[in-house]
Amino acid sequence: MKVDLFRKQYRERVVYVNGEWLPNYKATFSIYDRGFTNGYNIYEYTRTFKKKIWQLQEHINRGWQSLKVVRIDPGISKEKIAQLCMECLERNTHLLNEQEDIQIIFEITPGEYGLPHGRYEWELSEGEQSNATIIIKAEPLTPFLIPLAPFYTSGCNVVSTSIIQTPPHSRDPKIKTYSRLNQNLAEKEAELIDPEAFILMLDIHGNLAECTGESIWLVQDGVLKTPTQRNILRGVSRSNILYLAKKLNLNVVECNLQQWDLYNADEAFLTSTPYCMLPIGRYNGVSIGENVPGPITQQLLDTWSEWVGVDIKGQAEYLAKTYG
Amino acid sequence: MKVDLFRKQYRERVVYVNGEWLPNYKATFSIYDRGFTNGYNIYEYTRTFKKKIWQLQEHINRGWQSLKVVRIDPGISKEKIAQLCMECLERNTHLLNEQEDIQIIFEITPGEYGLPHGRYEWELSEGEQSNATIIIKAEPLTPFLIPLAPFYTSGCNVVSTSIIQTPPHSRDPKIKTYSRLNQNLAEKEAELIDPEAFILMLDIHGNLAECTGESIWLVQDGVLKTPTQRNILRGVSRSNILYLAKKLNLNVVECNLQQWDLYNADEAFLTSTPYCMLPIGRYNGVSIGENVPGPITQQLLDTWSEWVGVDIKGQAEYLAKTYG
Amino acid sequence: MKVDLFRKQYRERVVYVNGEWLPNYKATFSIYDRGFTNGYNIYEYTRTFKKKIWQLQEHINRGWQSLKVVRIDPGISKEKIAQLCMECLERNTHLLNEQEDIQIIFEITPGEYGLPHGRYEWELSEGEQSNATIIIKAEPLTPFLIPLAPFYTSGCNVVSTSIIQTPPHSRDPKIKTYSRLNQNLAEKEAELIDPEAFILMLDIHGNLAECTGESIWLVQDGVLKTPTQRNILRGVSRSNILYLAKKLNLNVVECNLQQWDLYNADEAFLTSTPYCMLPIGRYNGVSIGENVPGPITQQLLDTWSEWVGVDIKGQAEYLAKTYG
Amino acid sequence: MKVDLFRKQYRERVVYVNGEWLPNYKATFSIYDRGFTNGYNIYEYTRTFKKKIWQLQEHINRGWQSLKVVRIDPGISKEKIAQLCMECLERNTHLLNEQEDIQIIFEITPGEYGLPHGRYEWELSEGEQSNATIIIKAEPLTPFLIPLAPFYTSGCNVVSTSIIQTPPHSRDPKIKTYSRLNQNLAEKEAELIDPEAFILMLDIHGNLAECTGESIWLVQDGVLKTPTQRNILRGVSRSNILYLAKKLNLNVVECNLQQWDLYNADEAFLTSTPYCMLPIGRYNGVSIGENVPGPITQQLLDTWSEWVGVDIKGQAEYLAKTYG
Amino acid sequence: MKVDLFRKQYRERVVYVNGEWLPNYKATFSIYDRGFTNGYNIYEYTRTFKKKIWQLQEHINRGWQSLKVVRIDPGISKEKIAQLCMECLERNTHLLNEQEDIQIIFEITPGEYGLPHGRYEWELSEGEQSNATIIIKAEPLTPFLIPLAPFYTSGCNVVSTSIIQTPPHSRDPKIKTYSRLNQNLAEKEAELIDPEAFILMLDIHGNLAECTGESIWLVQDGVLKTPTQRNILRGVSRSNILYLAKKLNLNVVECNLQQWDLYNADEAFLTSTPYCMLPIGRYNGVSIGENVPGPITQQLLDTWSEWVGVDIKGQAEYLAKTYG
Amino acid sequence: MKVDLFRKQYRERVVYVNGEWLPNYKATFSIYDRGFTNGYNIYEYTRTFKKKIWQLQEHINRGWQSLKVVRIDPGISKEKIAQLCMECLERNTHLLNEQEDIQIIFEITPGEYGLPHGRYEWELSEGEQSNATIIIKAEPLTPFLIPLAPFYTSGCNVVSTSIIQTPPHSRDPKIKTYSRLNQNLAEKEAELIDPEAFILMLDIHGNLAECTGESIWLVQDGVLKTPTQRNILRGVSRSNILYLAKKLNLNVVECNLQQWDLYNADEAFLTSTPYCMLPIGRYNGVSIGENVPGPITQQLLDTWSEWVGVDIKGQAEYLAKTYG
């Protein structure tokens, strides 16, 4: 990999932290921030296509849904956060080479103050106000996409672990938050099988939930199937598949699925914002489907590429060839 | 409350962040730290008695148990962390007035790097190494203890919510981590009843688990009862009660308890590092026991006070009277 | 409130108990009735519109479904119970003022006898037969509707508790029975937040089930959503919404919903026989939707009013203004 | 059976209902009582030995524990209820023949009024107060004991069903209440196998809980085992076994037990107030143990008989022979 | 029954075991076969209509799905297994009389070898290879169908037990395997009620799953309902009903159903390969529906009969009359 | 490995099948045996020390407990099965070399007949009786022990999978049966990590249950801990540890344990009949304890060796050195 290039991009990024635009290496926040010390935070990842942010509004809306459930007052409007995201893109676009895209991320926490039992007063200077923490970050996509490029053709590897998805009356996975240590535990188990594998979380009843950063989709007898929304993030990419499937007149079912369904799927794929879709090649070492990618997977990916005006697979392959 | 005093203490603290001792207002860390962006962290709170750290070794040992399960390599020995904690105390002791004590906290994360899929290389400069983040903080106890002082006499209020404890095959509560958003959700529900109430988490089967920062104890027919270790933190203060109960020849049982048991307890109390023990006065508005604190609760608190050489209740009341 | 009026109505009601029409104050039944001493009973509530019983047949049919599952032989035909209900209305109609309506209730238990182990014989006199207990009651609606009237405009408050719905292999909530102490426990918790709040029961897996006397409905992106029938009463009003939604070409989905869905609903409302529909204003203190009532809620209520020929909201407001 | 005798006893009983002593056939209460219409009630059964109430205080204490959890204010002291129970015994003792004993029962409900949403005022006459309902009943034991008499020798039959015990975060079985329709459902299934069988409830996880009116006990390798208190009534007879076992130096364990344990028990028995103990002969048609009753069962029964000064088995057999 | 006839058929069957066609009485396999000693096997049952195998391909496909999940390599193609099944039919057809049909069964295990920890080598002779075990069997249908014949008219009896379906993250019932001891346990409980009853398994949450060899179907308000695929075999006969229902324009719903739904169904029936469909007459002793078979059940059975060109009910009745 | 030696032993064994002693290669049983076609079987493994069967009676007793729960009538006494096991040993002892031991196994199924619905009659010849199948087998231990020998020093590797233990109201693991396909599924997942690893099954609530053929033990702070009997086999070797621990005055606790407990154990080991005890070296790649084997593990193994008069570890090492 063109390590020097990525190192440069990585170092020269400009980010927004609580009102200031900072060079990457100065981007710090308080060790007292409750986003850290209470795991009290929400975030969203978007990506660009052709250097324009794709579905920014959808991500902001979902971010605001998370805020509502966790009762963080962001102290900022949806319009303002959109503006900041676009400014963040603008300030970092010059880092990108031909065909490169970038992720724009926002993170919101209640900030430093506001713990219970009346401690608030003395933590602030006189006249000072308590504010939410707002962070806007940019992450170049290329080094993420390069190792994934071959999976568009061969399919990626998915594995299971003993660690389960958190149930919705504890921490609902529909809240997009970093407070999810169980995913780190699952990753540590999965690494023993294959450090490049994607990790499928089962829910507490043995149903397929989602991968640690992906929604999962199966094709059985021409029907597209995906887990219900009970125990997963309501993925923006997931919504995109629902939209594309409707456009393509595909039959779609949201239902409880089990490992049996994945082993016996005709096709299976993952969806996530940075790479849109990846076909699944194997689950726990067992080959999934007869051809990878399967025809419906391919059709969805092609339609998605047309929609965004970028050959999604082609971009990953170009980047891998050029910068890999 | 003597707000100015606390504000001064709060502002003038010195903390340790990754090798440096910093004034409080400069204590920041990278927005890319995985302790934040993956909820990947562990921490421990200790407190002083007579301005000496109490049971530092017990807390370090438990911290190292958490590290082992989450597979963070701290890159530092137990001896070194003990040294840093003691240095942190020393650097902040001058802030404390008569009878005041302080909390010394350590927090460990894997640091900034090490994400999956081979991204590691370009995130570091040539020759640079990836290191864990180590933070040592000091938090003066007085403003925490002041509002609790009356509860030693009247008993505190405990309430239940609809949010449950995370099950152990998702995120085991025996791991002491900030990655616990469900507690924030429970707090938001509990605030509707009483913003000063302590919040009892039930486990997924309707058993009492623990409060959001406390272990719970009941006395029934002279027997001391507390939930099993399945779904709770193995509290250091909880171990202290087991130790004191043995010393006092009290019969102790760890078993599954339900809300019925709390409503009908003869006595009930909470334990936690900063205030050691607090009698429970009411649960969901129902008075618990005939006298608060009950005789066994009182006996345990007295013995604990002797053990540490500080009148625990007396200290809180003195602080409330003097600085409240 | 016009207390004297309600007191008079309350006192002068005529009720049916096992073959006799009695003035209200003489309406008693045996303390040995198994409807009480085994919690062995079923019941149904109907209401009138324009002083005619609405959907009496639907309620009788559902009552007979409950009887079948609990194996009580009512010793009476559906036709006869309908007749008795209509007679009960007739005997009480004179108590109602202009625009007032009334609830007609029937309750069935196996009666006094029939315990296991052959005890039956000596409990009856020679030649006597064991009969089911049949009670028909009338409850004027006005004092119930008055406090609800403002909620048609402002939305009602819904809160959660730690007490869960009974699972279907224990006591299926599809059986309409008074044997439901868990609802009393939930009410006692909810009162601590707001004595006027409606109480949402979660099922054992953290899904929304129903309120203690209401079905719950959400609108998300134009789709009407309601919990599946697994863990709820198959409400007659719930069926009415399904009927009206079909008539209005609304998209309806029965699925597992979680608290996240309620917090983020565009609209939400409750349904129940006495007041038909009430918009939800807040859940656990969080405002639901942008406008209360939302447009689909309003549309359903309007269509329902047309259907029954009574302005449902208008009636409540008139009653509140006139008798409140 | 001497049906005429029992019929006479049954008819001539005197009972207490809300302040009045009534002949049995006049013992009624309001059809509006919330003990019926909300399943909102608690109760206790005691029995006499030699025509004196046995462990009345233990039953009153447990009744008061139930009241506390369900938040019913009985409006009466423990002393007063004890007095009423003893008066009830006195008023009915003349009905008993030689060696006959009787059950004294108390039942408490919140009475008629006090529903939510401010309906209270108009339900009461001016100046009237809302009071709890207090019922004291007497039930001659003989007709209950007669069919059980042979089981002391042959062992009773226990069967399982598909209906489970209600979980403790719904309706905790530690609350002694008639609000337990699930038991009626289980009885209806069990009748298909054997109408005289006792019915074992499993909890939601497949552990043995209790029979519909009995605690269950196993002996394995000389150790007495019984389910934990999580999902059962804390039986007074259960406590008696714990007391007697201690006296006899028997090893006792409270733990989760499964059907396997019952099938393979060396001995098994049930305990309940009216008959104290009954050995189990078969579970789901499979013989339990080699000899019925087993030696530890016999020893416990003998010691219990000595304790109460009545040959428990002998009394049942005498009654069966004399009045059966 | 014409016992001698059946005995003759039973004895003279020819079966295939690992490459050889054997007379029935010589059909044995190794006691070391892992299909026995690890419960490691899959199987499929097909039946003939007019002495031709019906839906052989569907059964082979499902068998291959089971093989994939359990990771047995059959060492044989789908085509070859089809050929063997047809050969098995051919070799046994002469045993059948007029209107008689037969079941053709295949069973696959990994064979004798291949245990973990490198034991493989010494279990085989030099040069020998480890092969899967393939068994093809024939079972004349007549003696199975005779006792079922009256149920087409009267409905069969279905009962519940305390034994639950195995959850899908333990042994998914979608895998068709003999490794299902829980069904034997359920049968032993059910025999206590009625040795001819069909046995309904509930899943771990109290939902209807399936009978020990049958799928279950309900009709409610004209809608055909059946449990979801989460916890059941994906029955070939179940697929046939879905196909026929579509052809007949019936509304079909796959959803969670509970015992309430079965008790209150308008019609209910079972499906299974050997007898296609049987109406349910009673569940736990309670009559189901008003007429048995119900009109939709009858319509489906008629259409199925047309489809296969055999009067399914007529055949059973003819066989019962002729050979019963 | 001395493959030729093992091959010879393997081939020349004599086994008992339903009344006959057969050379190994002729040891077959009917493909219709319900031990295979219904997964309806129980079995026991014993081993010799110094060529005498160790604890044969304990294994027979447990076998008879399994028979009782599954309701198989073995048609043979405990004494007779003991005799057959000893005869099996005698007939195979000549195969063993110096220091070699052997496993004697018995397996019982209901045999071929006895299916429901009256099919029994025609499956038997006139006058023939239906009998249980009894198999007695011998398996030389050497090739099993050789690969395990190094683990006495280095500790074995234990891994987790997504496949859970079957719950006790489905198939209770206390029944020792081959009907356990879920273990094969778990093994297939575990092989992806390490084909030599032992596989830890979690129960449905995330507690440690047992390995696929082993009980698990932890040492924490000097206390020996092991899972409760709820969801595991009541291992004979497990009982031996309880016996030895008592002899050594070790504190032992049976309780619910989670993965945290294993990661943080001071020592951990497995027990099973063939090798008695093995220290655990790693769990999911994480080192367990500071020294392997830990002091308590070593002490138990030493005492066990004394008890049986064989140096257990020494034997394995001798065999590995001599025949490996």
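The chains carry the letters A, B, C, D, E and F, assigned in the order they are written, with residues numbered from 1 in each.
One rule holds in what follows: a contact is a pair of C-beta atoms (placed from the backbone, for glycine too) under 8 Å apart; a residue touches a chain by one contact, two chains touch by 3 or more.
Source: prediction; values computed, not measured.
Using CA-based centroids throughout, the chain positioned farthest away from subunit B is E.
Centroid distances from subunit C, each centroid being the mean of CA atoms, peak for F. Chain centres here are Cα means. That of subunit D falls 46 Å from that of subunit E.
Rounded to whole angstrom units, the spacing between the C-alpha centres of subunit B and subunit E is 58.
Taking each chain's centre as the mean of its C-alpha atoms, subunit E lies 32 Å from subunit F.
In subunit C, 69, 71, 162, 164, 167, 169-170, 175, 188, 202, 205-206, 259 are the positions where the chain touches two or more neighbouring chains simultaneously.
Pairwise chain contacts present here: A-B, A-C, A-E, A-F, B-C, B-D, B-F, C-D, C-E, D-E, D-F, E-F [touch as defined]. Those residues of subunit D whose C-beta lies close enough to touch subunit F in the complex are 202, 205-207, 255-256, 258-260, 263-264, 286.
Of all the residues in subunit C, the ones that touch subunit D in their complex are 1, 3, 6-7, 10, 15, 17, 27-33, 35-41, 43, 69-71, 107, 116-119, 121-123, 125, 135, 137, 143-144, 147-148, 162-167, 169-171, 175, 177-185, 187-188, 195-196, 204. Listed in rising order, the residues of subunit F touching subunit D in the complex are 65, 68-69, 71, 167-170, 172, 174-175, 205, 228-230, 254. Across the interface of their complex, subunit C is touched by residues 159-162, 164, 188-189, 192-193, 202, 206, 259, 284-285 of subunit B.
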